[in-house]
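Note that the chains are named A, B and C in the order they appear, and that numbering of residues resets to 1 at the start of each chain.
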Amino acid sequence: MTNAIDRNSYISPKAKLGRNVTVGHNTTIYDHVEIGDDSVICSNASVGEPLSAYYHDDRYQNPPTVIGPGSTIRSHSVIYAGCEIGEGFSSGHHVLIRSDTIIGKHCSIGSLSDIEGEVTIGSHCRLHSNIHISQTSSIGDCVWMFPFSVITNDPYPPSHDIRGAHIGSYSLLCVHAIVLAGLRVGENCLVGANSVVNKNLPDFSLASGTPLKVLDIRNYAVVGKGKLYPWMTRFERGMPWEGIGYEAWAAGQLRSASCHGD
Amino acid sequence: MTNAIDRNSYISPKAKLGRNVTVGHNTTIYDHVEIGDDSVICSNASVGEPLSAYYHDDRYQNPPTVIGPGSTIRSHSVIYAGCEIGEGFSSGHHVLIRSDTIIGKHCSIGSLSDIEGEVTIGSHCRLHSNIHISQTSSIGDCVWMFPFSVITNDPYPPSHDIRGAHIGSYSLLCVHAIVLAGLRVGENCLVGANSVVNKNLPDFSLASGTPLKVLDIRNYAVVGKGKLYPWMTRFERGMPWEGIGYEAWAAGQLRSASCHGD
Amino acid sequence: MTNAIDRNSYISPKAKLGRNVTVGHNTTIYDHVEIGDDSVICSNASVGEPLSAYYHDDRYQNPPTVIGPGSTIRSHSVIYAGCEIGEGFSSGHHVLIRSDTIIGKHCSIGSLSDIEGEVTIGSHCRLHSNIHISQTSSIGDCVWMFPFSVITNDPYPPSHDIRGAHIGSYSLLCVHAIVLAGLRVGENCLVGANSVVNKNLPDFSLASGTPLKVLDIRNYAVVGKGKLYPWMTRFERGMPWEGIGYEAWAAGQLRSASCHGD
């Protein structure tokens, strides 16, 4: 299948495919899409999906779309023009990513998820299936979202006062968690299953229950397992500290940051 | 792209397309579909999707399907035969609308939503992504539904006593709101995030919390913003009162109704 | 349409289709798929979807996939290689079933649902639209799941301690119900709308509310209707006791089991 352009796929002559890119069946790659080396675009997908004006305005120009090298876009996914996605990206099936979304390196977004556009996502995030992120939301690095979790953006719907929430690095939103518009979830937080975040959460919050109760996650211990959060020292797969451990990696980050005077 | 029939799309000779209709790639338009002028049917979609009998009965006749003028059906959406959708409709991607659904004018239904059939939706409704409406439910005009909100239809599952709920005009169901089978949500209500409606709600209800608390929304004020509901005087975009204001429009409606003796 | 291979569909020469199988438009059936007699695979679907290695390894062999006779796979659905699905299966649209999922006879899985792989599902289950079942979960016979219900598999995310939950036969998960990782829901249970199961439930549990309250469902009566659960004596459609009644069928099962010395 190497570099194969399959049955009934269409690749715009204005798109640029890297070396060793595979394209599945019935897939469309529109103008001004750039796909990095060693990527796979599976069947029935659309990359660089044009904005509405494409259908009405003869002078329409598709904005540039970038998919980093080593990425996999699974079948029936739609990635709009104007997105910029870093290397090692992986999407599930039936994923929608709307325009002007910026995603860092080595992220994955699960099947049937909807990223509504103008969203910023850091690196190494793991967004599972069936999530919804509203426009103008932002997410740090190494964030996890689980099925049916949602980030909203309208505090008093319907309004024109659209402002997504922000989720800090290393935080987790469990299944059916809801973060309301405009709020900030700090770093290293865990929002429990089916919980509604209705106020800002400081770093290291364990937020759960109805009404929402907020504890310090560093005090949370499980019988027989001890303290489990922050989670970075006990989980490495796919994370930037894989193979070296979180502490060595974090120390390196710190050194590197101070070298650059940040 | 004007009136283009794109790569590998199929339009039944028994379908009727208006002037200036655009059809994307890999899309199928089945028998007895009528698409109004200036509409766009994007790629990988199916309009007039046949009922099960199509696959088993040689004498099967596809029931008529109507998509009003100025509509946009986005990619990977499936609209069953037997639906009747008014002008200015807009669907997101991966939307499913099952048979015998009737939708008024200028409605939108967001990506990955599922309208299960025999549903009636008024005009100017804004149903966001990832919603689910069960069979035989009905919705008034200018209703808003937010992601993962759901209307159910079986009070004691599994049963044959299927009866959808009704949502009154101008009401809002926030993210993850649930309306149980057979209930009536009045006009001008707001059901809060993650709330379960388990009884009928009178007009102007603000229903939220677990267990559900119901207040009069007209008394609800936000510090620095005052009273925000009903919302129609502070939001116009896409609503029938756009440009003239809700009060002038409503007065006109009243006059027009009394002229007709209604 | 009988046994038609439609416009732009591709069926691998290494796939085996039974008699009277219908395939829709733009559908791909991959290597080593076996489809039983009288089945329908609708448009824009993928059956035997290859695992990631397909795109990278020239020696990749697609694992066998079996779809039983009399099944219907609706449009835009993706069924991975390595699944084994019994007779009379029915999928909605945009359904995803990942690898190594085993499904019994006469099950249905609704539109926009995600079965994440290595899942075992019994016979006569009715999984409605928009559900999510995580890897390694299992489900008995005659189980019902309603929209946005979810079964999770990671007790302290992120971890490598992945263990799905188990749902016993005849149980129901209502809309937005959540069953947390590794737990067991017994037989004949009902989990209420929006409830979070955070402990094992014995047979005949009625579990609902926040925090979760567990009652014996056999004591639950509705005014004017009496006792409604277990539900098998009042609902037959599509169940193995259709036409003979649950009690006669169950007696037969018992006799048959004792004849075989089980």
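What we mean here is this: a contact is a pair of C-beta atoms (placed from the backbone, for glycine too) under 8 Å apart; a residue touches a chain by one contact, two chains touch by 3 or more.
Predicted model, so just to flag it, every value in this text is computed and none were measured.
Copies subunit A and subunit B of the same chain sequence form an interface built mainly from non-equivalent positions, shared numbers / all numbers used being under half. On superposing C-alpha atoms, the copy subunit B sits rotated by 120° relative to subunit C, to the nearest 5. Rounded to whole angstrom, the centroid-to-centroid distance between subunit A and subunit B, based on C-alpha atoms, equals 28 Å. Across the assembly, subunit B contributes 8, 26, 44, 76, 94, 112, 130, 148, 176, 194, 210 as residues in contact with two or more other chains. On the subunit A side of its complex with subunit B, the touching residues are 8, 10, 26, 28, 44, 46, 49, 52, 54-56, 58, 76, 78, 94, 96, 112, 114, 116, 130, 132, 134, 148, 150, 152, 156-160, 176, 178, 180, 194, 196, 210. On subunit A, the positions that touch subunit C within their shared complex are 1-2, 7-8, 22, 25-26, 40, 42-44, 72, 75-76, 92-94, 110-112, 126, 129-130, 144, 146-148, 172, 174-176, 193-194, 209-210, 222, 225, 228, 231, 234-235, 237.
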